[in-house]
Amino acid sequence: MSATAVDIQLIVFDVDGVLTDGRFAYGREGKQTKSFGPDDADALRLLTAVAPIAFVSADHRGFPISKRRIDGDMGHELTLVSSDRRLSWMAERGPLEHVAYMGDSFTDIPILRAVGIGITTADALPGVRDAATYVTQRRGGDRAVAEACFYLLVEQFGRTEWAGIV
Amino acid sequence: MSATAVDIQLIVFDVDGVLTDGRFAYGREGKQTKSFGPDDADALRLLTAVAPIAFVSADHRGFPISKRRIDGDMGHELTLVSSDRRLSWMAERGPLEHVAYMGDSFTDIPILRAVGIGITTADALPGVRDAATYVTQRRGGDRAVAEACFYLLVEQFGRTEWAGIV
Amino acid sequence: MSATAVDIQLIVFDVDGVLTDGRFAYGREGKQTKSFGPDDADALRLLTAVAPIAFVSADHRGFPISKRRIDGDMGHELTLVSSDRRLSWMAERGPLEHVAYMGDSFTDIPILRAVGIGITTADALPGVRDAATYVTQRRGGDRAVAEACFYLLVEQFGRTEWAGIV
Amino acid sequence: MSATAVDIQLIVFDVDGVLTDGRFAYGREGKQTKSFGPDDADALRLLTAVAPIAFVSADHRGFPISKRRIDGDMGHELTLVSSDRRLSWMAERGPLEHVAYMGDSFTDIPILRAVGIGITTADALPGVRDAATYVTQRRGGDRAVAEACFYLLVEQFGRTEWAGIV
């Protein structure tokens, strides 16, 4: 484990812009598809072995799409939690200093500052990146979650067998 | 407010290439989807508090798609206005020197030059970028509108609490 | 007109990878959508005023999609012409030294070399770019055709009012 | 042939992230489309003339989509082979030192190390790129397979007529 390791007991991931590239394909009937990327689901399987993982989304219109991917295909649980309720939602599940959170929006700034480990993506706005403990080199939907998983595995959970992969 | 602040009374956004990445997914039945990106809708909510916002589009075939996103999901009003009618459409709503306009096409060049604040995207053609007051570092559909909103909030409306976010 | 101007009497554009980003979205029923980008259709309207324009495609499975965009929406004519028949197809329409051709595939190399003006995209393979007279700074589907149109208008047809736009 | 040429008797390609950009478009009914790119199918036709080619995928939910593209449109054969069975699957078809394999995932690391020629994409994670014999300059779905084909044709099969194309 690195010198900056903290005791992480819960890892929470936002979905849009983190597991996806943040884009929504819109048709005449509204939101149709979101785009998920490579390596993330496989890396999350490794992370599941070391800590509880939860997914949150504030996108109510696209929720059935995200739910289908996160719960149906990946076997995790996704909960609809708006940005302004997110800190209290996490605080109910354990002390914030033991939470790692990954989000990409400017609405995530107070959350990234409050948790033990705040992670954001390369393509988040500069002010969001400034608020994070760790900024992935990858953009959302382009292996950013895989990179975050390996960062946590190596630097926070001491799984040095994955050192050098990101 | 910055030294270059002007009195902005109306903010007009083009849609395709600004709120979207400018791509159209075509199938056998024609235009099917457009791709909207992250952070833009949330940043527009902040901008709404300081000035009236309007959306215009010249894309009549894809208009139901844009309408669905802008009016149905985001709660703004989108009007079909061709490029050559756009300046007169805006002039009817107030003096052009008090209008901020964001567009990405080379057909927007005379508009960007005529308004008080002309904004374009990083991926607009060089001649379009030359005509703008402010060029976002972000591409259309990749948080360019969010960046423009924060630029206007901080530099034109003096909302310094958002300084440094873009 | 530039010192390298030739007498162009026909301008031929490939579609996939030139007007599109070259990607095909595949579903269970096969090819579903192609992605067309901004500025290209508007710039082609300007070019139409100075020379005849034709579109060719070798993609027979996706032909109805391309046909819908090129003929139905843009008002040009698209013809199905395989790579190996393309030079003879063009030669039937006029001397090759008076043809400008834009293509992005390595199968276009002999064509780019044979015509008066060969144009390719920034994202074509290096050997394709080596064979072209002009390589756009833009990738296919990201205003590469708009850039090619303005290059032709300014450098080949002396329309200096568009100088500096690309 | 280059000094590092080995006797390649079988060439195996992973699909997602190699022939595609690794993205999955998800709708309410799950995985809907994958995105295949330009030049790859044409370059694979050239490679077919010099060695047997096989395609493998671990994506069972998206398998009908990949099957449609690889078998239906491109005329190759795609087999569902999970990551952990891939080395034994290839070993049954010939000595691993005579196999060239292209994959982009971190689960491909042991495979890339075990085969005669391991190829990965520019956008694979750093640890994957470290495990490969050859890393394409192109990302998956952006002509990475075309580049790999020309690398193999020139450097492994001595087809110097294609030298300089990538």
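Lettered A, B, C and D in written order, each chain numbered from 1.
Everything below uses one rule, namely that a contact is a pair of C-beta atoms (placed from the backbone, for glycine too) under 8 Å apart; a residue touches a chain by one contact, two chains touch by 3 or more.
None of these values were measured; they are calculated from a predicted model.
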| item | value |
| --- | --- |
| Fitting chain A to chain D on CA atoms, where both chains share a sequence, rotation angle to nearest 5 degrees | 90 |
| Chain whose Cα centroid lies at the greatest distance from that of chain B | D |
| Residue-number overlap at the chain C/chain D interface, same or different (half cut) | different |
| Separation of chain C from chain D, taking each centre as the mean of its C-alpha atoms, in whole Å | 29 |
| Separation of mean Cα positions, chain C and chain A [Å, integer] | 42 |
| Touching two or more other chains - residues of chain B | 25, 32-33 |
| Residues of chain C touching chain B in the complex | 21, 25, 32-39, 42-43, 64-65, 68-69, 72-73, 141-143, 146-147, 150, 162, 164-166 |
| Complex interface listing, chain B residues touching chain C | 16-17, 22-33, 61, 104-107, 123, 125-128, 130, 140 |
